[in-house]
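Paired with chain B in one complex and with chain C in the other, chain A is shared by the two complexes that follow.
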Partner chain A sequence: MKRGGLTREGWIRLAVVVAFVLAFELLCRLGVLPRTVVLPPSEMATSLWHLLETGEFTADIVSTLQDVAIASALSIALGFALGIAIHALPRLRATLEPLLASYYAIPTFMFYPVFIVVFGVSDRAIIAIAVLLSIVAMIASTLTGLDRIPRVLRKTAAIYRMGLARRALLIDLPAAAPHLFTGIKLAFAYAFIGVIASEFILSGQGIGYQIAYAYNNFENRKMYGLMLLVIIVATVANAVLDTIDRRLQSRLRR
Partner chain B sequence: MTAASDGAASGVEIAPRDVHAQLRGVTRVFPLASGAGLHALGPIDLDLYHGEFFAVVGPSGCGKSTLLDVLAGLSPPTDGTATFEDKPIDGVPDGVGVVFQEDASFPWLTVRDNVAFGLRRAGVDEAEIKKRVDYAIGFMGLRDFERAYPAQLSGGMRQRVCIARTLVLQPRLILLDEPFGALDQQTRLLMGDELLRLWRETGATVLLITHALDEAAMLSDRVGVMSARPGRFIDIVETHWPRDRDSRIVSDPGFGAVTARLWEKLRVESLKLMGTRP
Partner chain C sequence: MRRLVDFILLLVGIVAAWQILHWIAGDIALTSPLDTVEHLGKLLGTERFWLNVAETARAFVAAALISLIGGVALGVVLGLSRTSAIVSEPILIALYSLPKVTLYPLVLLCFGLGISAKIAFGAMHGLIPVTIFTMKAILQIKPVYWRTAETMRLTPGQMAWHVALPAVIPEVLAGARLGFSLTLLGVLIGEMFASQRGLGFMITSAMGLGDIATIMAVALFLSVFAVSANALLLLLDRTAAR
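What follows is the complex of A and B.
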């Protein structure tokens, strides 16, 4: 019952979520939560189904997912490369480390006017903000991953007479993989947040823009339908990444 | 550098046995940031004979591991010469296998793939890999864990994986750097038996670094006692055990005599070490 099926904790978690949704539904139906404020979950779902069926927002959905994909890919690739470079230069690292540690204390979004000036109101401005938000998570995870490679594995590589490139590929990379994957997971989450939030303020399309647009026009059904979509996409993506992450983590010693 | 130490070391090297690896005047000095050097080891003279089991004991920080690194070709001596099978050691020599104290198994590979790793690197053909890996896995009692990942195994089992991984390469000289240091006493004694079995079966020369006097006394043909840093051999004790010995040798009357002699020398060196501590 461990593999494939849900664990006991899994069932309890599922029960809590279902109970919460049902209670939410009930409060809406009884009028405790007014319809002008929030819709019952069942109506959010039918609204989302309707939106997907009519294809009204297909272009926006594609645009958002595309931006998230590009921003994640850029953050992961650049963050990994920068992480390796910073790890190789201890002096640079000593200088940068306090900055990296306090990076997420800065609200990166406040720089949006700068990006509009540089890139205009475009996908590029959105991607730039999302990358800025997510790249540091990847850099930090790369540094941790490289730090945690046991010295004895390097010695073992020397015993097998491996060159630097071979060692990097066959020893360092798989040894650091669990930490790198945590970085990938975080980079994706931050990129998703970055793209949706940027679309609210500097875009003419995308899911974030359409949520803001629906809000301004009192179109509650559309707004909540799209919000539900964002929640579903984020949850599913995170669940998939988390499963891989946990499998990798379980191979770490102790 | 004292006369006593030279006398003790040269006194044993009389039998015209076949030398497998040799150290002559080997010294290791580590450069320090201050510009001075840390004299870690030597000068060391050592003849390792073909097929013998040689253990090295010494106080902590005496350069035991540095000695092993020199023989493994991992760090060249600052001074002196090191040879293996009459060739100077320059880089990791062919035919030398090393087992470290720390768990060096690859956590991302199954036990079987861990054991096969070196053979795949060397480009050995698959049929031969299968044969040798099957043998090593059977020999080390890992048959039921072939598909397991190291994280699912105990410390002793992981060390077996590392030994099997070395064994498949059919090394002629096996260097072990405190391989059982992280294991509990019972497991250590049993692993010692495994090691003796492996040594008999393969006919390889074994150099074992250990801080456990009983382990050294029980396993070895000869035990070299090292001084406090800079490490030099101050005594080499011959045990005269039969080749088909095992851990039950600890109840042999001669066993106490060997450990007593080892401790007599080592005690003085360990006291020196404690005395120099701030």
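What follows is the complex of A and C.
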């Protein structure tokens, strides 16, 4: 890939997205898509700008981002620790393997009401379900990362007579880093989805809650403004993490 | 044999952890495994439960079929040219990691309250992973297959049907596995937010009543279904890979 500036495919991609947005705008303006259903993108953008300017939803935005940050941090730290522990105990790992393989088939989100009963309608219930959704991705990535450390590196560490701590820090961690980062990326994406979805179904604050609230009150302008905000935040965050991820992955292939 | 022992150990471990959590949290927060199974047994005997199951199943099957057929078709079309695949992959990945719940009001406004909104929402979840997996699989087909197809002067349609499709079956099955579980999640979230029928609706109405036994029983029912369906697809996956 070229550094700085877009590739040919990058330009085409940009053109496709721009064309899509323009077509959408045109269909709305011509009245093919009625205003009661969807607003033209330009109005969504002005509505979002207006919402940010008046600061009407600043508290909700902060609360959502805070929950996402806490949930991702918790699942990354706990998932990493659990991954190391499970990797160190092969017998336990063999037993847990079917659970790890089919975990994401289970609609974990169905357990959100249980957390609501335990914690009440609060940030803690939201963070708990978001951690439950994202932690297994981090555990799985940690396991892959530790599995893929080349044996020659371990041997090199032995030749240098490194202690366990030095080996972990200087050899294992950098060697496993690309896979660990994939785990971090996934954990963040799942945490974001978990937080927004729980706010949407039942909560008292947050962006998801405000979108559901605006929907129930037919406040389309607010609803589409906030929707655009979620799309922008999710896309930008994922694009940044994805770019770093690709850089690290290409280092593996060298 | 060893795998069977491992599996039983895992089940025992899960039930034990559940029981311990039940002792810590108390009866109001988390019903015990035994009570949950008992309650599920009672629910399975009622007609209303099966009406809800049928409603969810109808939406799920329709959404899963749309995801599978649409995803494979879209994946084949995008994967046939390297440029279109490179162009569309980041867009598809961005769509995949978007919290799609935010878009549910849009779906509701387009389709109205009812089963079609649920189907559309489920298909939104399942379509993209199937597309991504199919597209990547098509790109990784050995060039010699293409050259053979060219030598035989196959039309693009024939190429897709006779060469590309058989070569990508294993990856498509992997994508379908992911797509199915996401479709189920999409349908259930749709029912939880705005619906008068289905298992998702059962959970939300139980949540409103603080009826934890029903929530746990329905969640158990869904988990058992999802894990068995996943195991079945994995088995299919393994036979196809051979």
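As a convention for this text, the second predicted complex is superposed on the first by the 252 of 254 C-alpha atoms of A that agree within 3 Å, B and C clash if a C-alpha of one lies under 4 Å from a C-alpha of the other, contacts with A are read in each partner's own complex, and residues count from 1 in each chain.
One rule holds for everything that comes next: contacts are C-beta pairs under 8 Å (C-beta built on N, C-alpha and C of every residue); 3 or more make two chains touch, one makes a residue touch a chain.
In this text the structure is predicted, and so the values were computed from the model without any measurement.
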| item | value |
| --- | --- |
| Superposition on chain A - do chain B and chain C clash or fit | fit |
| Comparison of chain B and chain C by chain A residues contacted | C |
| Touched partner set for A:Phe109, first chain B, second chain C, both or neither | second |
| Chain B versus chain C as contact partner of A:Leu99, first or second or both or neither | second |
| Which of chain B and chain C A:Leu153 touches, first, second, both or neither | first |
| Partner chain in contact with A:Val16 - chain B first, chain C second, else both or neither | second |
| Which superposed partner A:Met227 touches (first chain B, second chain C, both, neither) | second |
| Chain B versus chain C as contact partner of A:Leu252, first or second or both or neither | first |
| Degrees between the directions from chain A toward chain B and toward chain C, using C-alpha centres, nearest 10 | 100 |
| Which superposed partner A:Phe24 touches (first chain B, second chain C, both, neither) | neither |
| Nearest Cα pair across chain B and chain C, whole Å | 16 |
| Touch list for chain A against partner chain C, complex | 8-9, 12-13, 16-17, 36-38, 94-99, 101-102, 104-107, 109-111, 113-114, 116-118, 189, 192-193, 196-197, 200-202, 208, 211-212, 214-215, 223, 226-227, 230-231, 234-235, 238-239, 242 |
| Residues of chain C touching chain A in the complex | 6-7, 9-10, 13-14, 25, 28-30, 83, 86-88, 90-91, 93-94, 97-106, 108-110, 177-178, 180-181, 184-185, 188-189, 192-193, 203-204, 206-207, 210, 212, 215-216, 218-219, 222-223, 226-227, 229-231, 234 |
| Residue ranges of chain A in contact with chain B within the complex | 150-153, 155-156, 158-162, 171, 174-175, 177, 250-253 |
| Touching residues on chain B, where the partner in the complex is chain A | 72, 74, 91-92, 97-98, 100, 102-104, 106-108, 117-118, 121, 149-151 |
